[in-house]
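Chain naming follows the written order as A, B, C, D and E, and within any one chain the residues start at number 1.
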Amino acid sequence: MNDQAAGEQTTPSPIILETRNLQKDFKGFTAINNVNVKVETGSIHALIGPNGAGKTTFFNLLTQFLKPSSGQIIYDGQDITHSRPAGIAQRGMIRSFQISAVFPHLSARENVRIALQRTLGVSYQFWRSMRVLDQLNEEAQATLELVELGSFADTKAVELPYGQKRALEIATTIALKPRLMLLDEPTQGMSSEDVGTVTDLIRRVVEGRTIVMVEHNLNVVSTLADTITVLNRGEVLAEGDYDTVSTNPAVMEAYMGTTDAA
Amino acid sequence: ELTDGKLKIGVLSDMSGVYKALEGPGAVIAAKMAIEDFGGSVLGQPVEVISADHQNKPDIGASTAREWIDAEEVDMITALDNSSVALSVQGLANDKKVITMNTGAGTTALTEEQCTPYGIHYVYDTHALPVGTATAMVKNGGKSWFFITADYAFGHSLRDNTGAVVESLGGEVVGNVNAPLSTNDFSSYLLQAQSSGADVIGLANAGQDTVNAIKQANQFRIVQSGQKLAGMLVFITDVHSMGLDIAQGLQFTTAFVWNQNDETRAWSERFFERHGAMPTMVHAGVYSAVTNYLKAVKETGTDDSDTVRAKLGEMTLNDMFVKDGSILPNGTMLHDMYLVEVKKPEESESEWDLLRVVSKIPADQAFIPLSESKCSLVN
Amino acid sequence: MPPDQRPELLRIENLHAWYGESHILHGMNLTLHEGEVITLLGRNGSGRTTTLKAILGLVGRRTGSIKIHGTEIIDMPTHRIAHVGKLGYCPEERGIFASLNVDENLELPPVVAEGGLSVDDIYTMFPNLKERRKSQGSKLSGGEQQMLAIARILRTGANLLLLDEITEGLAPVILKSLDQVIRKLREKGFTIILVEQNFRFAAPLADRHYVIEHGQVVEQIDAADLEAKKEQLNRHLSV
Amino acid sequence: MSIQVILAQALLGLNVGVFYAMLSLGLAVIFGLLNIINFAHGAMYMLGAFIALIGYSLLEQWFGISLQIGFWASLLVAPVIVGILGVLIERLMLKRLYELDHIYGLLLTFGITLILQGLFANYFNVSGTPYPGQPEALSGVVNLGFMYFPTYRLFAIVFSLVVCFATWWAIEHTKLGSRLRAGVENPDLTQAFGLNVPLMVTLTFAFGAGLAGLAGVLAAPIYSVSPLMGADLIIVVFAVVVIGGMGSIMGAILSGLALGLVEGLTKVFYPPAASTVIFFLMVLVLLFRPAGLFGKEK
Amino acid sequence: MTNRILFIIMLVAGLTAPLFAYPVFVMDLLCFALFACAFNLLLGYAGLLSFGHAAFFGGAAYITGYVTKEWGFTPLLGILAGAGFAMVLGAAFGFLAIRRQGIYFAMVTLALAQIIYFLALQMPFTGGENGLQGIPRGHLFGLIDLNNSLAMYYFVFVIFLIGFGIIYRTINSPFGEVLQAIRENESRALSLGYDVDHFKLLAFVISATLAGLAGATKAIIFQFAALTNAHWQTSGEVILMTLVGGLGTVFGPVVGAITVGALSHELSAFGSWVQVILGTIFVVCVMVFRRGIIGEIQRLASRKQG
């Protein structure tokens, strides 16, 4: 599928994530049907498709929030089809949520620190003082700066405006130094200037990692994505770069709702 | 002289549960009457009464008793109308060398396996109860028995002792079912008893439990279908609350009948004025126990438990409750018991005229003879 | 009839609103005529959603005056406002009831006036929903929830619609049909307040635009003047 | 053991079961639809029984009114009074707790339970007072062939079943159920749609409370009326609701009946476990069907 | 800051209490205080409402009673055995219950606790309704006679302080931080790579163990292990204590346990009115005094500062 891309590069990019014949049924309704997707290391891979196509479900399968009905998920050469959600996160595959997900009554700094803390390996140590976490403050602050939340470090997450909540969520995700980030509609509900900020942010953090994102905003998709997979009714409708996909008549009909080029 | 300058008597009873009516607040009244009749003081010091509710929970009973002894310096504890509570309090009081005069609990363990030098068992026990009742019923043809047992120390003890009496007379025990204390629906147990085909359904329980069981037996026409009920421990208050229609003809064993003679009647009427109900054998027992305890204190001139207990052991007890009673080394107070029968409605002359004495059970038959005692203090 | 000569439907004067201690609306003034479609534009947090909620009495406290068809509703309990004002509300967080299925969600809002769409009409309009009609609200995809949120107020016969960010998270193909829906509603004489981030979607639909900043109306732009005032608008909407 | 015995015990179990069903129904209505954990449900049941008792034999003695409220009248009066109490509790207290954690509702009703039980324990014997007002017409026994069964108990079984299924029908065949659930999940939005949520909630609570009161009246002639009659029952009934599946009206009814039967039969085969068997079942059910037998997975 | 002051007050009050109060009663309060603190760790900090904590409290009491009475364990070893039993039981309960949330969690714990209650009633060694009586207090380290009530008192006070210390540390540890995050947003914590169930389970086990520690100590104090301690009403009581004192505050449960314990004790002469009065207090607390005693104090203190 990615032959063309592979051919252009000097060394073939290894595949960080691959699904093989992935399938998910909900009581007689097939939300994901025989999906084969390969994600290249270091790329931004967008998932688009009409509402209800199965994008969020696909994410949920990748992160084991849902168990696949059949098929395989290969991450970094290993079969993770039957791992625990936490285990997957520990291997560097982190997701954000379509509906904003922060720890509302913790400050922005604490939100980020929770993520950093995991790598410290003290999380089960109920006999240690919380002060061991202070060593993380600097890094937490740096991460917040990265998403321009530096001045909000002590603000409780619940008090942040929507756009900033999303930014905080991304900061928390980055703090885990993920190798693969799964972003579910990261720009949803943002005003155009916030969308710009987040797009920049994603471009900045992609260095050294891979991103898979669900997005409806085609502007964002076209500027960011290296590869796009279009899902429709649980199946892969098309795949390729923006130009390939956006001129595909099937995609135009099912997704854009037109027959002329976008 | 009194060690702490005062004499305090604790009445620890079920003030709110199944046994409230048979002992409870009435026991406090009886104890106060005893003190008043004694003159209100002993050795120049006033006698005080304190009381508490043990809620039929042995731990609550024991911790209340502990606090009474430690912090209130109580000299004697009485009532204790629940065998589990009585066992725990008697054990604790023994550690602390305080006399207990149990008037309400039934288990013979109090004077047998778990007897103590300071524990006195005053009114009745689970050996005395079946002697009259079970004997009479077996002799009238009630050969096979099924028990409905209150599931704690008293019930078990009563069932075992009654079973032993039945078997010694050639009868047999065909079944048993344990019902939790304060069961409000006995119907399932009663039907099991019914289907066992036993001649007699023995109710090894007391108070409200017995009342409920008898009433429900009536609802399910159990007696009408030919089986007999044997209430092993029935109080006059139970009969009163069931009514003669339901209770008539029921035979049981008691230590006291309020209208047996002028002396008992006079005291009982005084009690009635203050309590609003006629005394049970337990109420009368509390009065007698407190009176005799005060006598012993007065005569020995001290509240030292060992001295008082020794004196009690020497005394012959005589008052409106007991005639020629004596307290054995294991704590049993020896006295006569009576087999009574509930009158028919037409025989009753007043609201509380409910019982007819059938026969007297002499003290030496009613209680376990010292020679057979398992108490370690005896042999 | 030009829009502003039609009878007045909604008049908001000097509206203040608070969430607890925080004062969000600082004297809003806004008028809406029957059959008009207006948008509320503004940056995140400017108070557009709060304006809608204040109309419905869903804020902590509100003062000022809100009249619908001349009836003052500022002191009315929330549950009466929908009936008095014949209005339907589509909240920005969609408000799909997780414990109800699609059918139940759809049939939940009581009918406030005659002339609402029938359930069948609605399912024809949103075929995706029809397929999922027995699904629990919580199990719908984001976009399906959005469609359902709009669909359910069309059933009630309300003719004043308060729509908050209805295009969020919808695929272009659905946006197109939504555009058709709004146009149709406008033709049928519905009065609509649109709160939109997606200006491209809203601009061609509206008769007028209100620009809101810090809980106040700072600009009112007629559809006709939109081109001319584009620059002004951009200044308000971005940094 | 003969089949007669089993049948007889099953019938007794059913007798217990109808009370479970009625109580768990009321609880499920409050619990499943309003998300309020009404700990006072047992106390309301007790209250219903006491209203019958007082109405029958104590009005004159207490208040000097020469009026006697008979059993049949009690079936109406008691639920209404308990329902009014429910309205008061809901309007004056619970209402202010909805935005908080459910535990506060539980605690409040726990406190109310203590108050009600304590008040009655001051005036009435904890171990029970018999209810003398059982109607003459129901006082006999019915010969069922395998046993004599008190007529009144049969009446109680039939009457409760009718009430339960009527309630189920009313909730399932009107929009009431879904409106209530919506009102609980997002009261603001539901009101914005024009539904008077506070009123619905109050009436529902009152209705659930009234059901408990009604069960109390029905129970009075069978069991003695006691301040603590609802105390342990409430825990069992909680378990019944959970087994049936929270929010499921039919689940509450059916599991109430079934568990009454199970308990009845346990009393025959292994009496000591009778009071616990329901909890064993509850653990099993929750392990294999977390949402309860009839509950929907959330 | 407030915490430090409160700690000093608690320490001084605890050390001097036997001078002006009946020691056994204070010991009882200390046991309940520890029990409530343990419970609070779960509800106040992990957001898990257990309605079955009496099983640990009561269960541990039986085990401690049995091993000291029948096997001749020393009191300290006996208490450790009781707490150890509660730990194992906690792990088992936790394993079954953790997978459920909210009200279901409460119900599963309640059901499991009822089963323990049933066992306590039926197993031969517990003495059924009679309870396990006559547990010896014995000698601490073979030296100090615990029948002396002052010796017993300070022994109990030390146990309380240790238990309290463990809870305090747990709350303010990296682990406590994760617990809070889980309470706030469980699926987010999961997606950050935290094994949410493991954290909850550990919190549950710590809480159960300390509840067991409290129950085991109580058995030695009263020389009694009884059904009351394992009854669901005890689970209810501990919830009430925690709430009265202040849910999710460090000292709240201590204050709550003392308040509720002292009230029921002082009012016991009023018979059933105790219930009415306690009930009224709870209703008042829930309606207007929700933060609990300590929570209110903290609010006032921070308002003054701020």
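In the analysis below, a contact is a pair of C-beta atoms (placed from the backbone, for glycine too) under 8 Å apart; a residue touches a chain by one contact, two chains touch by 3 or more.
Chain identities (UniProt): A, C = ABC transporter ATP-binding protein; D, E = Branched-chain amino acid ABC transporter permease.
What you are looking at is a predicted structure, and each value in this text was computed from that prediction instead of being measured.
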Chain D and chain B - chains in contact with each: E
Within the chain touch network, how many edges lie on the shortest path between chain A and chain D? 2
Hey, how far apart are chain A and chain B in touch steps, shortest way? 2
Looking at C-alpha means, what's the farthest chain from chain A? B
Tell me which has more C-beta contacts between its two chains, A-C or C-D. A-C
Between chain C and chain E, what is the gap in Å from one C-alpha centre to the other? 52
Centroid from C-alpha atoms only, then distance chain D to chain E, rounded to Å. What do you get? 32
Using Cα averages as centroids, what's the distance between chain B and chain E in whole Å? 38
Computed distance of Cα centres, chain E from chain A, in Å: 44
By residue number and range, which residues of chain B touch two or more other chains? 16, 151
Any chance you could list the residues of chain C touching two or more other chains? none
Shared interface positions of chain E, touching two or more other chains: 271-272
Each pair of chains that touches, named by its two labels: A-C, A-E, B-D, B-E, C-D, D-E
Parts of chain D lying in touch with chain B, wherever the complex brings them together: 1-2, 4-5, 8-9, 12-13, 15-16, 121, 125-128, 130, 141, 147-150, 222-224, 226, 229, 264, 267-268, 271-272, 275
What does chain D use to touch chain C in their complex? 175, 178-179, 181-182, 185-186, 188-197, 247, 296, 298
Listed in rising order, the residues of chain A that touch chain E in the complex are 63, 65, 84-90, 94-97, 101-106, 110, 113-115, 117-118, 120, 122-130, 132-133, 172, 176
Within the complex, chain A is touched by chain C residues 43-45, 92, 128, 132, 139-144, 146-147, 165, 168-177, 197, 199, 237-239
Which of the residues in chain B end up touching chain D in this complex? 16-21, 151, 177-180, 182, 184-185, 187-189, 191-192, 195, 207-208, 212, 215, 219-221, 225, 241
